[in-house]
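One chain, chain A, links the two complexes that follow: it is found with chain B in the first and with chain C in the second.
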Partner chain A sequence: MDKSHYVMLMYLIMHLGLIFFMYPENIIASTDAVHWIAIVSGLAVQFIFIAIYMKGLNFFPGKDIIAIYGSAGLGVSLVFLVPIVLYFLMINIITVRAYSEIISIVFLANTPLWAIMILLMLVSTYIAAKGVETIFRTGLLLGLLFLPMILLIFLASFQNVDWNYVFPLYENDFTFWTRPTFYQSFFAFAGSFLFLGFVRTHFPYKDNKVYLTVLSLVPFFIFSVYVPVLTFGQNTASTLHFPYVVVIDTLQINWLIFDRITMFFLFTLITFIMLFTSLILWMTSRIVSCCKPSIKQMYYTQGLAVVIYILCLLVPDWKKVETLFTWNAPLRFYCLIAIPLSVYYLGLRSRRKMRHEHA
Partner chain B sequence: MDQTLQDLIYKFEDNDDFFLQRDFFADRPVYLLGLKSLIDMARSRTFIHQYLDQAISNNTALSDGALMQMLGEVRGTNLQDISSSVYDGKFIIYFEHVQQYVVAEPVPNLLSRLFDTPTNENVLQGTLSSFVEDIDHNIGIARKQFSSESLRVKSFSVGQNQQKRIALLFAEGHVDMALVEQIIGQFETYIDHDINHIQDLSRTLGLSPWGSIAKFKTTEMPQEAAHSLKTGKVVIFVDRLPFALVLPNLLWDMFCLDNDHNYSLPLMIVLRSLRIVGVLITLIVPALYVALVAVNPEVLRIEIALTVAQSREGVPYPALVEIILILLILELIMEASVRLPRSIGPTITMVGGIILGEATVAAKLVSNLLIIILAATTIANSTVVGFQNSLSIRLFKYLLLLLAAVYGVLGILAGVVIICAYVASLNTFGVPYISITRMKERGNHG
Partner chain C sequence: MSMLKWTVRLLMLLSIMGLLSGCWDNKDINHRTLPLILGVSLQDHEYKIIMQIPELVHDSVEIKMISESGKTINQAIDKISVNLEKQVDLLHIKVIILERKLAERGMKDAISGFMRSEEISDKAYIVICDEDLNSFFEHLNKTNDPKGMTLYNFFEKNAGWNPQIAISPIWQVYRSVHSYTRDVAIPMIKAGKSTICDYTGSAVIKNGKMIERISPDETLLFNAFNEQSTQGKIEVMNHASVLVVSNSLKHTTSLQNNKPYMQSRLKLKVVILETRGNPTSAIIKQEIDKLLTERFQRLFSKIQKSKADIFGIGQHFRNKIPREELVRWRTDYFPNLQLSLKIVTDIQNEGYLKIRAD
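Up next is the complex of A and B:
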């Protein structure tokens, strides 16, 4: 039974929630012009590793990534799964803390930070505790409800663009590879494709559909950077935090009863982030529950949620959040590079072993 | 008189509607037994006499055995058997010379409502027949509506204190047989549990009674039941409950009426979209009012913000209290209008409407904008198909209201996510609540 549409929608939702916040700022800071080269390079790296990952997973039909590493031995499992757990924990902490801060700054200035964080954590834990099928079905419902609105706002954001800022179209300037902000931009997509390895058993999907979804997100990546650049110009845009949100703030839609639509855009993306957090939480508790399967996974989920919440409370301000970002970078690249390569290698090895057995 | 007959008379001694009468059928002495309240005795006797006269005029000699076979089912002298047949409303004929009991089908007293129009559901230009209390009539109507060879009927008699008849209908070839077998298994395991209402039925089937969304679709209309059978669902009838219980209930059933197919396709699509919009309005609009008035007023355009503020001028308490007060009064009115007799009902609702509409606003207890919003919400609530579904939506809007009062628009969206997650996690016998039509999507949940 082909359930690719669940996986495609989930992939789309997860990434849309992440793209529009910090990615534009990082790319604009990495290079002065011809941003599309930076964007396309980053996306190409991601595409290559997703392809390697899925090809590796195809060697083990019907198995998820924990079973794959488990069959290769305890040492291998520890080397690969422990960094994943740490990476996921850090991502959850950073995401919840950063987005709570954004909400607090932009809209709910009178609500204390811990109250906003507890809302995000409670909703995500509720969804995660119910299991992965619930997460994906919730994704389907939320996608049906909110994606049209996001697309409309995305199209409306082109209201004040001046296409002259597109030029120059090509420069032989590859210095962005040396800037740390370029590597920080990988937050928007590195590691979030790992869920493909966890859900094979519940939601069988076709690889082509995943590639299609990855490609369909490319315009969103490109324009999330270009819309601020085209509206404000490179010099102004580089001074802004969250340039895309500022662009949405400037939109004027006369026939709507609301003054600015920033709030709906932001909060819709926050719902996608709640889903993202719940999926990451579920994956983390899945790995952790393999240590002691006798306790139900739901308790691990709740325990991990409490841990994440407490750690979020300990982060005092935005500077610390950015520090956490930088600390997370090595884990991010480890997960981006090492996990797909190791899965592929294990796949090749198991195929060679099977060939030996047959021969 | 033989022992069993005396035992029977003794058993029914306290029932004054039990009759025992001597008669002669084709010159054989018989005793007629039965419950007067369930059987039209005079007509039954007349029919039997006419029948026998005709039979005798055709054949001159009739043996005892042949006569008894003609009248009904011949039973032994088991006291329990005979007395349960009496309670079932059957007519017992005791042949004195051969000491055998014959259980015959009598002319029953008309104790059930005749076929009627649906009382709780309305259709425009559609079939107007409805299910009634008697289970055999219901099965008959269902067979007439879904006249297919693949329709199967399976009956159970459940309960310890009272024997209630339950019928399970399914269309072989359309339904997933594993689902049917699971349901039959549940009935057979819990055959001793009494079933008087839907909560009992949920318990017997192993479904949790705590779900906020109904697990069964209850419908009075035969075409809905037939449509459900065709799409692979199972229909359950309970004796004396005048509706069909369709299992499993799916999300799409909330917006879909089979009668929509009687209109053209664009109209059908528009009507269904209208229902979806109605549900969204019911859930979101009251919460949006509280959020935009109390927590996030800067979002509105300046003209509307001023209008809203002006409408709330002089209202002494916060928006949340105001809205909960009026919602409480509305809920009380809705509940009261179900209880009131038909003669007084319209008067009370009119008085309530005038009080709400004019007096509270004039007294500056609530803003008039709020009354408009809540009226729109109440109307939108009723566009949903299925009364139980509209009750569920009514319940969910309070969750969104509370979240909106604390967190503003973020609370509304978080509430929508929670409701979506709750709805996505529901499943009946493995069939997830949000599957659209095909029920082959049974998965494992972990």
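Up next is the complex of A and C:
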């Protein structure tokens, strides 16, 4: 049975949760003008590797990524799965820590961080422990409830734009390649697509529909950067933390009962983030549970959650969060590049073997 | 065994109820005070702030005035909070009044402070007080508006706003501090004789500093130029007075020998209200044209001299001047700008009485 819509929705939700916070800030910091070149080149890289990854997976119908690496031998599994586990752990630590800080900056100034983090972790651990079906069904629910609102706020955010700020449209300036912030911006999309390899046994999907989803997110990536730039101008936008959230704060919608739309925007995105962390947590525990399959996966999930929570507590301030982003970069690119390529290579090899056996 | 399991589950479910209180250190609404208006002035290198605080006295709300001074605005607010039995909560600040002295000295730090704070909304209006802040607030206090909304309604588009009043939320002022090509005009008020406040024009702000002032009529043109609606403004000439119903603007720009040129076309739709004598519609159009063109020239030469681009003209040159050059827009390009404004007037209708065409 085709369950593409679950996968599409999950893909949308995960990325919408990630786009609007750090991504605009990183892109604005990495280039002074012509942001679209930086955005599009990042997305093109992502698109290429998703394509390779899915092509590779298609060589193995009915197998998930763990089984694929498992069939290639213990050494291969260790080389590729251990970095994935480390990367997922890092992602979880960073998201939980960063988003609790965002919550505290934007609206819960009095609440201590450990309390915010415990709530974030509690919900995501609960969903993750219930298994992947629960995660995707929750995704459907959240999508139905919140996607219309996100779309509305996204459209409303164009209220104060001045299109003159678009110019110059082209400049021969590619220095963003050398800026670390450009590589930090990959956090918003690199690696999270790996879930396609984990869930294909539970939720079979059609490749075309995934491509469609990836493309439909492009406007969100572009305008999450351009809306702040068009509203404030590059020079002002570069002084802001979370420029998109600040833009949402400047919107005036008279017919809405609520004065501040920012709250709704954040609440919505944070539910998306909870779902994202629960999916990552589930994938991590899925890999780790292969070490000793006799123990229920649920216990691994809970154990990992405790580890993540403790590590989150050890991060003292926002500057450290940014350092974590930088430390995370090698793993991020390993997962972005090496995993799809290796799956593709293993696929080619297994096909060759099959042909030999038939011949 | 299963009994124990169920008890544990039930207990866990019940314990979740503890989270329902929602917020940490939550203070109930009756222990908070939510001022709507914040006044800031500068007194010997210290900020002095004044707030209006609503207070319940015998079932009716009375507005109390509280003031305090401190090295930073937040210190002053904190001092008030200490001396008050309630917590001061700035979430609902709608209007921030800055004394002119502070605006002339430069309000970069104050504006950045408002932007940084998550409590104060970026949409709050910045207003400059054209007289001593204390006496203004004393005057404001005499009005018996129980909610203290008067000043906010003065600037609110769906309430008392008029097209000759500039509107400047915090974020726009902050943008002008950092932008290469964009400055801002902030409305100025003082205590009125019969009304609550008297609108005295706008302050021209460059990089967070007040450097020039323009009259209400000139502000109208400023608003028209920034494509705000000027609907509802009445213009009085020798032979007629008309009501502006709509306006639109088109620009063409060019750059020759590093000198910027701009042609603008302002299209106005007006309705005739009153006439004096028996003018033809051609005469009325001519008079509008003359009145507005002269006013605009006066305004523009004033702005150009002060090198503050409140019209955002530099914006239209973004595709012609490279970014490295644009940094010097205010000093190198803007003073040399040649701007010609053409005003096209349509008389949409003349009411119940006929008017000769020519």
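Please note the rule applied: the second predicted complex is superposed on the first by the 359 of 359 C-alpha atoms of A that agree within 3 Å, B and C clash if a C-alpha of one lies under 4 Å from a C-alpha of the other, contacts with A are read in each partner's own complex, and residues count from 1 in each chain.
The rule is short, and it goes like this: contacts are C-beta pairs under 8 Å (C-beta built on N, C-alpha and C of every residue); 3 or more make two chains touch, one makes a residue touch a chain.
Remember, predicted model here, so these are calculated numbers, not experimental data.
*Asks:* Just to be sure I read the superposition right, which of the two partners does A:167 touch: chain B = first, chain C = second, or both, or neither?
*Replies:* Touch partner of A:167: chain C, not chain B.
*Asks:* A:260 contacts which: chain B (first), chain C (second), both, neither?
*Replies:* Both partners, chain B and chain C.
*Asks:* Just checking: does A:111 make contact with chain B only, chain C only, both, or neither of them? Give me first, second, both or neither.
*Replies:* both
*Asks:* If you stack the two complexes on chain A, which partner ends up touching A:131: first (chain B), second (chain C), both, or neither?
*Replies:* In the superposition, A:131 touches chain B alone.
*Asks:* Touch check for A:119: first (chain B), second (chain C), both, or neither?
*Replies:* Both partners.
*Asks:* Considering only touches as defined above, state whether A:246 meets chain B (first), chain C (second), both or neither.
*Replies:* second
*Asks:* Scan A:179 for contacts with chain B and chain C and give back first, second, both or neither.
*Replies:* neither
*Asks:* Touch test for A:33: chain B only (first), chain C only (second), both, or neither?
*Replies:* second
*Asks:* Should A:271 be classified as contacting the first partner (chain B), the second (chain C), both, or neither?
*Replies:* first
*Asks:* Residues of chain A that sit at the chain B interface in one complex and at the chain C interface in the other, please.
*Replies:* 107-108, 111, 115, 119, 259-260
*Asks:* Residue numbers of chain A touching chain B in their complex, please.
*Replies:* Residues of chain A touching chain B: 1, 103, 107-108, 111, 115-116, 119-120, 123, 126-127, 130-134, 137-138, 140-142, 145, 202, 257-260, 263-264, 267-268, 270-271, 274-275, 297.
*Asks:* Note which residues of chain A are touching chain C in the complex, please.
*Replies:* 32-33, 105-112, 115, 119, 162, 164-169, 171, 232-233, 235-236, 239, 246, 249-252, 254, 259-260
*Asks:* Note which residues of chain B are touching chain A in the complex, please.
*Replies:* Going through chain B, the ones touching chain A are 295-296, 298-302, 304, 406-411, 413-414, 416-418, 420-421, 423-425, 432, 434, 440-441, 443-446.
*Asks:* Hey, which residues of chain C end up touching chain A in the complex?
*Replies:* Contacts found on chain C: 19, 23-25, 115, 118-119, 121-123, 157-158, 169, 171, 174-175, 177-182, 312, 315-316, 318-319, 322-323.
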